[in-house]
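In order of appearance the chains are A, B, C, D, E, F, G, H, I and J, and numbering begins at 1 in each one.
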Amino acid sequence: MLFMVEMDVNVPLDTDQERFAALKQAEKERFQELQRAGTWRHIWRVVGHYSNVSIFDVADNAALHDILTALPLYPFMNIRVTALCRHPSSIHDDDR
Amino acid sequence: MLFMVEMDVNVPLDTDQERFAALKQAEKERFQELQRAGTWRHIWRVVGHYSNVSIFDVADNAALHDILTALPLYPFMNIRVTALCRHPSSIHDDDR
Amino acid sequence: MLFMVEMDVNVPLDTDQERFAALKQAEKERFQELQRAGTWRHIWRVVGHYSNVSIFDVADNAALHDILTALPLYPFMNIRVTALCRHPSSIHDDDR
Amino acid sequence: MLFMVEMDVNVPLDTDQERFAALKQAEKERFQELQRAGTWRHIWRVVGHYSNVSIFDVADNAALHDILTALPLYPFMNIRVTALCRHPSSIHDDDR
Amino acid sequence: MLFMVEMDVNVPLDTDQERFAALKQAEKERFQELQRAGTWRHIWRVVGHYSNVSIFDVADNAALHDILTALPLYPFMNIRVTALCRHPSSIHDDDR
Amino acid sequence: MLFMVEMDVNVPLDTDQERFAALKQAEKERFQELQRAGTWRHIWRVVGHYSNVSIFDVADNAALHDILTALPLYPFMNIRVTALCRHPSSIHDDDR
Amino acid sequence: MLFMVEMDVNVPLDTDQERFAALKQAEKERFQELQRAGTWRHIWRVVGHYSNVSIFDVADNAALHDILTALPLYPFMNIRVTALCRHPSSIHDDDR
Amino acid sequence: MLFMVEMDVNVPLDTDQERFAALKQAEKERFQELQRAGTWRHIWRVVGHYSNVSIFDVADNAALHDILTALPLYPFMNIRVTALCRHPSSIHDDDR
Amino acid sequence: MLFMVEMDVNVPLDTDQERFAALKQAEKERFQELQRAGTWRHIWRVVGHYSNVSIFDVADNAALHDILTALPLYPFMNIRVTALCRHPSSIHDDDR
Amino acid sequence: MLFMVEMDVNVPLDTDQERFAALKQAEKERFQELQRAGTWRHIWRVVGHYSNVSIFDVADNAALHDILTALPLYPFMNIRVTALCRHPSSIHDDDR
């Protein structure tokens, strides 16, 4: 089941840089784990912003909630969730 | 070059149904042509709305403008365009 | 899988009353069919508005999309969809 | 009498984790007490957010105000209150 | 039980003046009936607008919904409903 | 002359509780003084919020400005001011 | 007593030009009458818009309401009203 | 050349009162200097707010920018700038 | 003197195509006349929209107002005007 | 390829002035380097704000992203990015 998730990362000016770098590294590892599993199907940077547009493919709503709220950078994020589904005109069988 | 395009289709209540069906069919054909060409890389329906979230892969801004404003349903659409780029953490070479 | 759907019905001042009454009746019948099936789990009127707050329990996103866009009054509606999940503190096993 | 209450919990990055955990525990206990009493009729998590959508069944406006403003996590919450009433099409006698 | 109701009346430029005058007269009569009954406790004009701020004192949410949606000018109105309660500092016993 | 004033009180999480309690007490005393004088004609709590809806009856705009900006809790408030006048349909001579 | 009134004039594309010209002429005459009387103290065009920013000096709120709602172009206007008062730092005795 | 400038002054709760009083005094002196020069033609308080509505008469855009950004309280302000021009209906030659 | 003007052209679905084409042609001619004169210094299309971002260089506010409101497509436009000035860091003498 | 970038610089009241001056100097140098390269084609100050409107001419989206997020003042900025393209009516060959 597909969802668009838009994530904005807000880093306060007085953030401890070392601690944040560690969280970023953990975020990257968790992201790649989910990407390999096919759960975090797509990710793109939004030009000029510390933001991404992502497509998740999950079993259900609860799975998405658990994944998002456990992300290492979650406390720094604003998130918008949009439920998607396959478009009837698509010629790609797996355009999930 | 990647862009997210969000399209909302607004159909006034008094729209001529036959004429609109013809435009929809033309829209579908143009969409599939662009999908086959790899230009309209992804499309998803937004649940509960006559809207889609799409990813375009175009040569430049002008190409995107020409494609969007020539869509058969363009006069019925509200459109939001967001410039994207590859995410540095992605492990997929072609996650365009 | 649970979703909150908020529906606002907008009736233009020049709407044909007879035709609209027929659509309302069809909407009511479809609603009750879905309510009996357990799909449209809850519905409440918003005080002072021709609007409702509803809870849907569906198999997946696509099922919700198909139900909503086929509602007889759908062309008159503005809709907001919010993905929900069970709250961890709830003591009700089936508080879906 | 029914109200939808939407609660967003905002936890500043420098919140004392131990003190907040205690407030969360107190919130959970108060919630379950109200759930058992039938006052806090429904609660759902909003996917991806530290937010819930809840349905309250209270004697009157003042009762709701007293309950909400006394919640342990109230100082961390943004709250939206929407007055509801039974929907005339509902076939459930107690779809409160 | 108290509610603030803010009503904006939108009169399209092509409204039939005679028919609208009749609705206004019916609205005034219904308003005064409710004012005499103590239900529509207060009403004020908003300066420069075809709008009012009103305080209703009703038995419950459903009563308010039934009153508002049956107003003769309701199809021309945008309405905002805010649940109120007595203020603890008030020295007036009946400042409802 | 009548004005609706909507006041939201924002109390930062790290506010000194003792000092704030003193300001609240001073606010209450000032409010009751103005209520007795007929200047602060009405006040209601907004359900679920540390906010009120108030009706002021003042000599002129400057009088209202001086009263509001001198309130003990003014530095914690967001305020919206709306000029009102008597409604022509009201049957109450003094529904100010 | 001073108020800032911001007026936006919205002229639908299908407006009868002759009738609108007559209303504009009536508006101009009424404006100049009020300007001569010192009631409509200032008026400025907003660059690029069919809008003005005006300062009114009126006896009370009701006087302003009666003036605004009787303007010939009032049915075409969106209006924002802001209550003003003399600024304490002003060195002009009559900077009303 | 005329501009409307709307200034909101935001004073954080922990502002050093003595330092702020000095800035306010400097602001007042600068304001009166500009008022005497005819540059800051009008100023009014917005009722209930630490805000003003002002009319500036300046040589050009750059002059306005330099004046505004050099105001002693500028770091505490939110500012909205609106370009104005003489209204064609005005009977006052110098209603600048 | 420089201004950014953002223009959105809204063409209702039932617009007479021939008449609109004539207005577009007139708009283009007027634009090129102003571009040649150096008044309409820059114009860019906004990708995906019937909108442009333009930079005007005019003698004063009134000149800009007269130009904009006399554009052939003005009745179809929403316009936002932003006063600009030279940036102090620019190395281009004439980056107007 | 052309983009409009609007940058607002937000300087918290407690910013270290010396450190910020160094960042401003670095920003200016980087800006002039990009201006000389033709990448940062235009820049204008927004009157009354610590903001600019800029036109960038870049190879692609990724180039713009890398430039913007590496600006010395980037952590203090809010940024809006708008994709532009040449306007078909322009008579200037290089009005990029």
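The rule is simple: a contact is a pair of C-beta atoms (placed from the backbone, for glycine too) under 8 Å apart; a residue touches a chain by one contact, two chains touch by 3 or more.
Just so we're clear, the structure is a prediction, and the values are computed from it rather than from any experiment.
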Q) Moving only between chains that touch, what is the shortest number of steps from subunit C to subunit H? A) 3
Q: Calculate how many whole Å lie between the centre of subunit G and the centre of subunit I, each centre taken as the average of the chain's C-alpha atoms.
A: 28
(Q) Can you work out the whole-Å distance between the CA centroids of subunit D and subunit J? (A) 45
Q: Find every residue in subunit D that makes contact with two or more other chains and list them.
A: 2-3, 45, 47-48, 61-62, 64-65, 81, 83-86
Q.
Let me make sure I understand the interfaces: which chain pairs count as touching?
A. A-B, A-C, A-D, A-J, B-C, B-I, B-J, C-D, C-E, D-E, D-F, E-F, E-G, F-G, F-H, G-H, G-I, H-I, H-J, I-J
Q. For subunit G, which residues count as touching subunit F in their complex?
A. 1-3, 60-62, 64-65, 81, 83-86
Q. Can you list the residues on subunit F that touch subunit H in the complex?
A. 3, 5, 12, 61-62, 64-65, 68-69, 75-76, 79, 81
Q. Which residues of subunit C touch subunit E in the complex?
A. 11, 13, 45, 47-50
Q) In their shared complex, at which residues does subunit F touch subunit E? A) 2, 4, 28, 31-32, 35-36, 42-48, 52-53, 55, 82-92, 95
